[in-house]
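To start, the structure itself, in structure tokens.
Chains: A, B and C, in written order; residue numbering restarts at 1 for each.
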Amino acid sequence: MQRTQAMISVQPNWDTFHKLRTSEKIPFFSKDDRLYDCLFAQQFSRALLEHLFKTADALRAATRKKEGADHVARLLSHKRAMLYFAQPSTRTFMSFLNACHVLGIKTSEIRDSSTSSEVKGETPEDTVRTFSSYVDMIIMRHPAPGFVEKTAWLMNRTGRPVPIVSGGSGKDQHPTQALLDVYTLHRSFAGELDGKHIVMVGDLKRGRTVRSLTYLMKNYKNVSLSFVSPKEFRMETDILDFLRRHNIPFTETEDFLGVMKTADAIYMTRIQDEHDKSGESKGVDYSPFYFKKEHLKVIKRGCVIMHPLPRRHEIEVTVDEDPRAVFWRQERNGMWARAALMAYIFSVDNKIS
Amino acid sequence: MQRTQAMISVQPNWDTFHKLRTSEKIPFFSKDDRLYDCLFAQQFSRALLEHLFKTADALRAATRKKEGADHVARLLSHKRAMLYFAQPSTRTFMSFLNACHVLGIKTSEIRDSSTSSEVKGETPEDTVRTFSSYVDMIIMRHPAPGFVEKTAWLMNRTGRPVPIVSGGSGKDQHPTQALLDVYTLHRSFAGELDGKHIVMVGDLKRGRTVRSLTYLMKNYKNVSLSFVSPKEFRMETDILDFLRRHNIPFTETEDFLGVMKTADAIYMTRIQDEHDKSGESKGVDYSPFYFKKEHLKVIKRGCVIMHPLPRRHEIEVTVDEDPRAVFWRQERNGMWARAALMAYIFSVDNKIS
Amino acid sequence: MQRTQAMISVQPNWDTFHKLRTSEKIPFFSKDDRLYDCLFAQQFSRALLEHLFKTADALRAATRKKEGADHVARLLSHKRAMLYFAQPSTRTFMSFLNACHVLGIKTSEIRDSSTSSEVKGETPEDTVRTFSSYVDMIIMRHPAPGFVEKTAWLMNRTGRPVPIVSGGSGKDQHPTQALLDVYTLHRSFAGELDGKHIVMVGDLKRGRTVRSLTYLMKNYKNVSLSFVSPKEFRMETDILDFLRRHNIPFTETEDFLGVMKTADAIYMTRIQDEHDKSGESKGVDYSPFYFKKEHLKVIKRGCVIMHPLPRRHEIEVTVDEDPRAVFWRQERNGMWARAALMAYIFSVDNKIS
């Protein structure tokens, strides 16, 4: 489990390292050819995704009975994790916390953004290194872009690194959300993601989840995408360029009803008005981008409706009772996918069943 | 463990359901003829109470030695509970949390009333359903009347219900407080509650615990009650009517010293001035309703002094050293009674010894 | 495990007890000739220190493999601890919490100084006694001088005492910090503390850690001390008198560079400006009391650099990479020393390997 000294010495300082392309950075966050720190959706190859899905499925199956659940809870009973959430997110926090508990990992919590203020002039780096002294893994959410990555970089240069798993960093990276979204597609289609038509709906400009999910689509064959949004919140051009480069067909439209009929998955998102700079969401009529009960008659029999949650009014509550509404299962998939990821990081993924 | 579809379908919507009488609702919160969601003191029949007391006693006995404690902590080691306290109550919270730990249940905590604000427009129902995705039980305290019941009702209509245990809902229902109070009487009288004279003292108008405890007295034979309070805070007429209907004799008085001599149990309560609308507590002389050291000479040798705590000045601190002052044991009884309840809900109550 | 009634009865009230000398109090906080409540650094004799260090070393060794870690985590799996931190200190909190988890102790947390406000007029003593109902140990940090000691005193007079371990009380006592500091010296010198020259640097007047550490030096032979500080923040005369009484040689100086060369350990501290009464720290030039990279060439090959952390600018960050910079290990030593202490209190210290 030792990273080679060579690898460390070639990364002389943070500023140089930080400017590298993601693909160049990934080896530094790996160990023995396995993902070690989880920071970018780009770290998930198709092979790794499928391995993690199999692991998550195995965890579900094993824990259905008490004996299996107890067996799984012994796998990492010797490990301690800290959940360091400098930015609140009860949903992601609870998902990770319970994923730890599934595996028997003991947990410590920091859920208060003001915690740093008490430490009397200490740098954030010293704070994190302190906490790492007591545990075997840090699950970290932080509002500052790059902070989680920098923590992982720093820890890897010490004599006692611990894996850093991102629970959301800045406004761009939230790799385990992408992981659970693809896992939900995988389960909905019995593993057959190739060739599907996926419709993403809502505030595509500012939704972190639709961006990551789109990136991961390059791992699959013949997937086509439709982006449905008000014109003010269209998908950003960097993503569209990415799709063109990878020859992934896509359309952009405001006609939700039109593309709905051929969708295999509809990924709904809410308006992200917390990112408004000057109330630009206020003037937008978002209602054409709602999924309503009447649409259930329009969509295909096998089409699934997803949502990263929380929702506001994008999906009518009565839709929840339809078996194609999988967003509640998607929540639960998150816990299993995260547990699978942690089992993988600690190399107990082959001991589940 | 399946509730019949029939039962669910006859409850078309919340408003209709909510207006039913408590006795009509109880079957909906049961499963396989066992209590499933714990919401009302009225769910505790005498048979169930005695079963839970026996279970609590068995838990205490079993955990006295390490082997027994470890055995008990394996009973529910495959379960995860969330303590969702939208209204703070460190006392009830800690009692439940440690009861979970006794049984090996892994715990997640929400102890912050402001948590809901972070979830960006989500309904409280969606929030709870989200959290339920990760766990096997929710222990919930909420300031809004009916909210805990509505949560249980909603969860029971989903494909993945989890039991909901109330830790206090609105100002009326706090069923596990009633449970621990009767358990304390039960232990104090070696199981012989029939025929006892119970004196309740203080702010009876607004004290939730004395109301619930009074209701539960209908389960016992020949119990007589005395209500001692300032005239401003007399027991409400709905309770007095209830007693008349069930032929339970009671007296109302301001003469604490007079009834004290024949009491088998004295249940002290503090003034509930947090419920004042316009400072009405200020004008009341509460001191005639204090239990003082000198009273220890007046009461019967077997009389117990109870208090739901926290106390202010209702019981002099020097009284604590008298063996008849059982309110500290009452606290601890709460943890055991709650552990017994959860063992029952998960059907491991028969595996304790 | 019973304290004799005689011992309790000779301590009639708190005010009388509190005024006793520390050495007179210590028996009251012991049980079966072992430390029971941990309140003062003075409770650690040399024999006890060395026993705890051996225990801490055994814990580290045993937990290096999964089997050993699981064995250790079963030692106190039947115990529950409450961490009651009325004064925030995430560092000490996390160290204790994870020490509990190492031993399998289940934990409850109070980390909010405002918690007491919710309990509606309850005395702090009642609050603590309530919490003690649910657990087997309380780890307590409190801003009020003497509060932790009073809690231990009170609990020892009840029918159900639980050990109280101080995590810092007022501005004087923080016994486990002293314990981990001596443990770090012990490990750095392979157990050979006798004869060493220890240099303490910084705000010695108001630094609680340097005071406690100095006291503990009386346990070792031929130790010499140098106190390096700005003249405004010299070590207090009570400590210097203590050293004279015990014939421990010391010097006071502002010449850091001069004493550095012969140091076996340099204990750095930050300026404690949170204790300023009227900004007296502002006028002090603290920079001559910084440890800089260039000093690494000056100090002895075996000299260790310690710091209780958090640091500000007292130690340049580039110093961290030198193997003699042991302050990160010192953090981690804290967790092991605390785990050893708790194993000792519960008498499982002989079952580790």
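Basically, a residue touches a chain if its C-beta (ideal position, glycine included) is under 8 Å from a C-beta of that chain, and two chains touch if they have at least 3 such contacts.
Not measured: the values here are computed from a predicted model.
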- request: For copies subunit A and subunit C, work out whether under half or over half of the interface numbers are shared, and give different or same accordingly.
  value: different
Query: If you fit subunit B onto subunit C using the CA atoms, what's the rotation angle, as a multiple of 5 degrees?
result: 120
- request: Measure off the straight-line distance from the CA centroid of subunit A to the CA centroid of subunit C, and report it in whole Å.
  value: 41
Query: For subunit A, which residues are shared contacts with two or more other chains?
result: none
- line: Note: in the complex, subunit A contacts subunit B through residues 63, 66, 69-70, 73, 88-91, 94-95, 97-98, 101-102, 270, 274, 309-312, 328, 331-332, 335
Query: How about subunit C: which of its residues touch subunit B in the complex?
result: 74, 77-78, 80, 82, 106, 108, 110, 115, 118-123, 126-127, 129-131, 133-135, 158, 160
